[in-house]
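For reference, the structure is listed below as structure tokens.
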Amino acid sequence: MDAPLHLNDDRLFSADATVRVIARELYEAVRNLPIVSPHGHTDPSWFALNAPFENPAALLLQPDHYLLRMLYSQGISLTDLGIATIGDGDANPQRDAREIWRLFASNYYLFRGTPSRLWLDTVFSEVFGLEIALSAASADRYFDRISEALERPEFLPRALFERFDIEILATTESPLDSLAAHRAIAEDSWGGRVITTYRPDSVVDPEYENFAEHVAQFGELTGQDTGHWQGYLAAHRVRRRFFKSLGATATDHGHPSAATADLPLSACESLYRRCLSGQADAHEAEQFRAQVLTEMAGMSLEDGLVMQLHPGSYRNHNAPLFTQYGRDRGADIPMTTDYVKALRPLLNRYGNEAGLTLIVFTLDETSYSRELAPLAGHYPALRLGPAWWFHDSPEGMRRFREQVTETAGFYNTVGFNDDTRAFLSIPARHDMARRMDCNFLAQLVAEHRLPLDEAGELAVELSYTLAKRAYRL
Amino acid sequence: MDAPLHLNDDRLFSADATVRVIARELYEAVRNLPIVSPHGHTDPSWFALNAPFENPAALLLQPDHYLLRMLYSQGISLTDLGIATIGDGDANPQRDAREIWRLFASNYYLFRGTPSRLWLDTVFSEVFGLEIALSAASADRYFDRISEALERPEFLPRALFERFDIEILATTESPLDSLAAHRAIAEDSWGGRVITTYRPDSVVDPEYENFAEHVAQFGELTGQDTGHWQGYLAAHRVRRRFFKSLGATATDHGHPSAATADLPLSACESLYRRCLSGQADAHEAEQFRAQVLTEMAGMSLEDGLVMQLHPGSYRNHNAPLFTQYGRDRGADIPMTTDYVKALRPLLNRYGNEAGLTLIVFTLDETSYSRELAPLAGHYPALRLGPAWWFHDSPEGMRRFREQVTETAGFYNTVGFNDDTRAFLSIPARHDMARRMDCNFLAQLVAEHRLPLDEAGELAVELSYTLAKRAYRL
Amino acid sequence: MDAPLHLNDDRLFSADATVRVIARELYEAVRNLPIVSPHGHTDPSWFALNAPFENPAALLLQPDHYLLRMLYSQGISLTDLGIATIGDGDANPQRDAREIWRLFASNYYLFRGTPSRLWLDTVFSEVFGLEIALSAASADRYFDRISEALERPEFLPRALFERFDIEILATTESPLDSLAAHRAIAEDSWGGRVITTYRPDSVVDPEYENFAEHVAQFGELTGQDTGHWQGYLAAHRVRRRFFKSLGATATDHGHPSAATADLPLSACESLYRRCLSGQADAHEAEQFRAQVLTEMAGMSLEDGLVMQLHPGSYRNHNAPLFTQYGRDRGADIPMTTDYVKALRPLLNRYGNEAGLTLIVFTLDETSYSRELAPLAGHYPALRLGPAWWFHDSPEGMRRFREQVTETAGFYNTVGFNDDTRAFLSIPARHDMARRMDCNFLAQLVAEHRLPLDEAGELAVELSYTLAKRAYRL
């Protein structure tokens, strides 16, 4: 017999009846607010082209590194999951999508206790109307039902965007990207608001593959002389303006550490030359990235783009896997991350500017109460990004609020980010965040630490308003 | 319509009915115990002079860096809050106190979810009898009510001290302080017990402004030759004796790190000379502070003063703010802090002495379960200070007990410290600690991890007895 | 009047009625499952000789460093607890066991809130049938009752092993151990399964006392030329084979850090020579241990022994105590431990091998969510050991599940280890783990994060099956 798939309406709320009743009340007022998604990695061409999604495995499994990593950790090969090796080149080995789906389904029990399970069950139930649980036995039924749905007009990207009530969706692009998809969307009569974000890592990180070539291309694209530091900065200014013209309100910076620097001009020039020449050592590369962050903050103060920084990931930790399958396969591992000394040069230069918004994320939860909440609870320019990557989960969100709120309050945080490529799970992720925040507020109310009416105001702030305000949307 | 200000009698207790009933029972037995405040920063001249407090802003807002930092983080200038710049010298710019209070009131919502909000509401309600919540609308009513109260005799410092049922209140003074206020209190017929604490940072830290001058003054004051290491140590001994004669039972040390050292005498002498000459580098300054901590432990073993150490703050992180407004404006930020290697020299020299009490605090909560509880659960001399600075909050206190108790037990902790300049909030802070501790104990009872009668004994220990015993009061 | 000793049947379950009812149901199905103890430090000669245990202090107090450390931390000397000093040599000072027991009993209140208290109460109640609480007043009654019991056949080691329903018990031995006790057990008709574990620290750590002598002995014992690197590796292979023949399914490695290395052969040879010659500095010693770990992983892939690694303890932190009383007296203190960079060489060499099982433990809880769960949720070879040493407690187990599960799931963990010398407490420790796991699962069910039937399956996995599978038992 098949196990039922049932989403309890009280899911994620406390088992305690007092707290639960309050959480429910708070949640009812925010559950249907539009989705504001200011930070994510969906593909804008989905909305530009509005073509049908391919198949269940390609849509739900293969782009989701949370799923790939767990399956891989239990001995399932990425090849069996349909992931192409570098050797395959662009030619995806075209494994049978149904076989891949069956493999996934028969290992679905591995996700017990993880947020992936909760998101997927929500997608299965709410988007596809499935009523039995996913398992080896139900794999084919799932595959057929989802495949059929994907052929229908109401499952086209734009239709889903509207059905999900997404008010705004930000994607992330390289400065070298033509933004063709975004231009197509802007020129189209469709009303959906899909905007870009300026993510310059490939021209900021001297250790990025082919850095010098990227910088040369950056110069051509902008008509600036990127052979020199001032031209390089000018190229950023030009390209930021272009991104802004296509809706961007923010930049996004993924660095190994949170290091920032505030070097004299001459040092910048010579450091830049060494980086371009490929002779920079690890320390110089770090210094360069650090200096550029401070420059980016200065430009944000000029052009109003909100700055996002998320350091602390050891990218491509598994060298053999990287060689075989490339980036973003679930082998990025968080590291201990310092913010206090690292951010000081930037904050001492620009941190007292209320006109700047710098949103900082962390993969190292120990920094919540020790560093980030005290910093954000002091510097006017600083805000804290939500619980994120590995921590965008019920316990992760709970720890974030418990460890941040007492020192930084709610108003130095910026609402929720889904940060995902998994488009269909966006409503499920925002719903989880709203439920967890309402439950946290309900706990405060139940323990007489906050009046109910103020909790109601905060529920709206955390679900909707703070994100719009912080990201200037 | 104004929102009511109502302190629920069950505030801070668990929403769970079983736990709450037990917490209430435990709390009833300790809520009215006298306050023992062995570590704080109130001004002893308040009690020596017994003059009326100035105005609501000067009493409640301006000395409280938790309030200043949050308001500043949201773009409110310190000048608008009436904080003098260094340029103003001693001349406070005399902004209108009522205007400052209004600014504070209209931003009071920023403190939702913070302990400051809970303390202030308790002060407003219990000390001033206010019955509506603070907001822009009620700002003037608050200002008038509090201003009027402050003119009445029952709001004079000594009257409040008695009303608060403070059994003992420790302040903190530099070795260069004449202790005039403490002498005045001692010679007065008033029975309140206000004692000093020996806080020698200004003559221990070579990186302190004007270190060498302070040391010279230290020599004059004590009649010792502080040009040499032995004379310097002798000066400490003399001054500790003087502090002890005015009630001190403890010393207090705020260092950047927990480093201690146990160097040979000749190395101490030469290190001291370099520090005095201003030629010591950062490492030597660290070594010097480290060595002095070990010397202080030795003196504590001689004279019985309890030693307190609280490392790990990056002082004056915001350089522009420091230049403009000076110290203690909310820009001190916690750092990762090691205790295991840092404390070893001192502990290997004196840690096995049951006659020594060394109370260690942390700003880095990761050290609770990893380092501090294991250390305090082993060394006879070591005790753990309570959740403190940024963590003297409901969640902070909960984490402290959850992460410390299983390894160090309750008897290697020392009760609560309010550590505050905000005199009026002292009862509210102790009440919060008592409630949180009773709730923690109630949880253990409800989960059958501790019998109720033993929880009752512990509630008294944590609220009152442990502090008296640990601080030898 | 004596306080009663009563073990509530709902102990350790949530106070919340909804959660508690579910926890109870889950627990009922696993409470009587056999005990699988794949990692511990009991003495195999107990089961080989089956002689009566000596007396209450020698059985319950003196081998338990959790008890010694807490008593010592409150100023009780180890000598008064009957611990021999090095100066005493093998001659235990023979303090009166009853006096020692009285001293322990009168300080039993120190253990309030600690797991030791819960384990001991369970032993007192369930093993010895005591019905009053331990205190100064009941000390003699306890001593008499336990002493009498120990003379009876049903309290002999083998009888208790059977009564405890231990399916398998692993001990830990040095490669230099003759395994005489294990051979005796294997040759005996008794059916109890007591197996050894290969713990080669004394021939792997160049900083271990008498390292070179141990290695020479290692060569003699195995007939290999341990004067050279290849002979040294061959000796490991020989000795691992021998351990395996006496039931070992695992190796166990206790290192200061998690450092691993993957050096070229020539570097290994010269590094080995420096270590043997006693000329290796701290960095070289670290490199050597790091390289041997990687070699051990390679051998595990060959011979199938599961590899366990538990880094991060600062051994013998208290030098004066070490000099006087020797190792393992409660003075080992956890340190900050990096896994991300440290494990990379080993994981890049062998981490993608599904045929290898490497179980990693931590003393630094900050690594749970930041490093260990992300690593174990990716590398096929990696599994996470349970909450352990200082964290094998209710709150410690709760934090482990809360911080690990969302990223690594349940199936990258390996069930519970008791890791103890305190034989009588083994059932109490496993019972605590089962209760805490059932309570955690019940919480997930009550918050609608996991269906009840799946929680039931997981309860069996966490209590029994995962340990058998992970350790290949």
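Order as written gives the chain letters A, B and C; numbering starts at 1 within each chain.
Methods note: a residue touches a chain if its C-beta (ideal position, glycine included) is under 8 Å from a C-beta of that chain, and two chains touch if they have at least 3 such contacts.
Remember, predicted model here, so these are calculated numbers, not experimental data.
**Student:** Between 0 and 180 degrees, and as a multiple of 5, what angle does the rotation take that fits chain A onto chain C by Cα atoms?
**Tutor:** To map chain A onto chain C, rotate by about 120 degrees.
**Student:** For copies chain A and chain B, work out whether under half or over half of the interface numbers are shared, and give different or same accordingly.
**Tutor:** Under half shared, hence different.
**Student:** With chain centres defined as C-alpha means, what is the inter-centre distance between chain A and chain B in Å?
**Tutor:** 40
**Student:** Give the residues of chain C that touch two or more other chains, as numbers and ranges in rising order.
**Tutor:** Within chain C, the residues that touch at least two other chains are 14, 16, 366.
**Student:** Could you please specify the touching residues of chain A with respect to chain C in the complex?
**Tutor:** Residues in contact with chain C: 3, 7-8, 10-17, 69-70, 72-75, 109-115, 118, 133, 314, 317-321, 330-331, 333-336, 363-366, 390-391, 393-396.
**Student:** Can you list the chain B residues touching chain C in their complex?
**Tutor:** Against chain C, chain B makes touches at 14, 16, 18-19, 338, 340-341, 344, 347-348, 351-352, 354, 366, 369-371, 373-380, 382, 402-403, 405-412, 443-444, 446-451, 453-454, 458.
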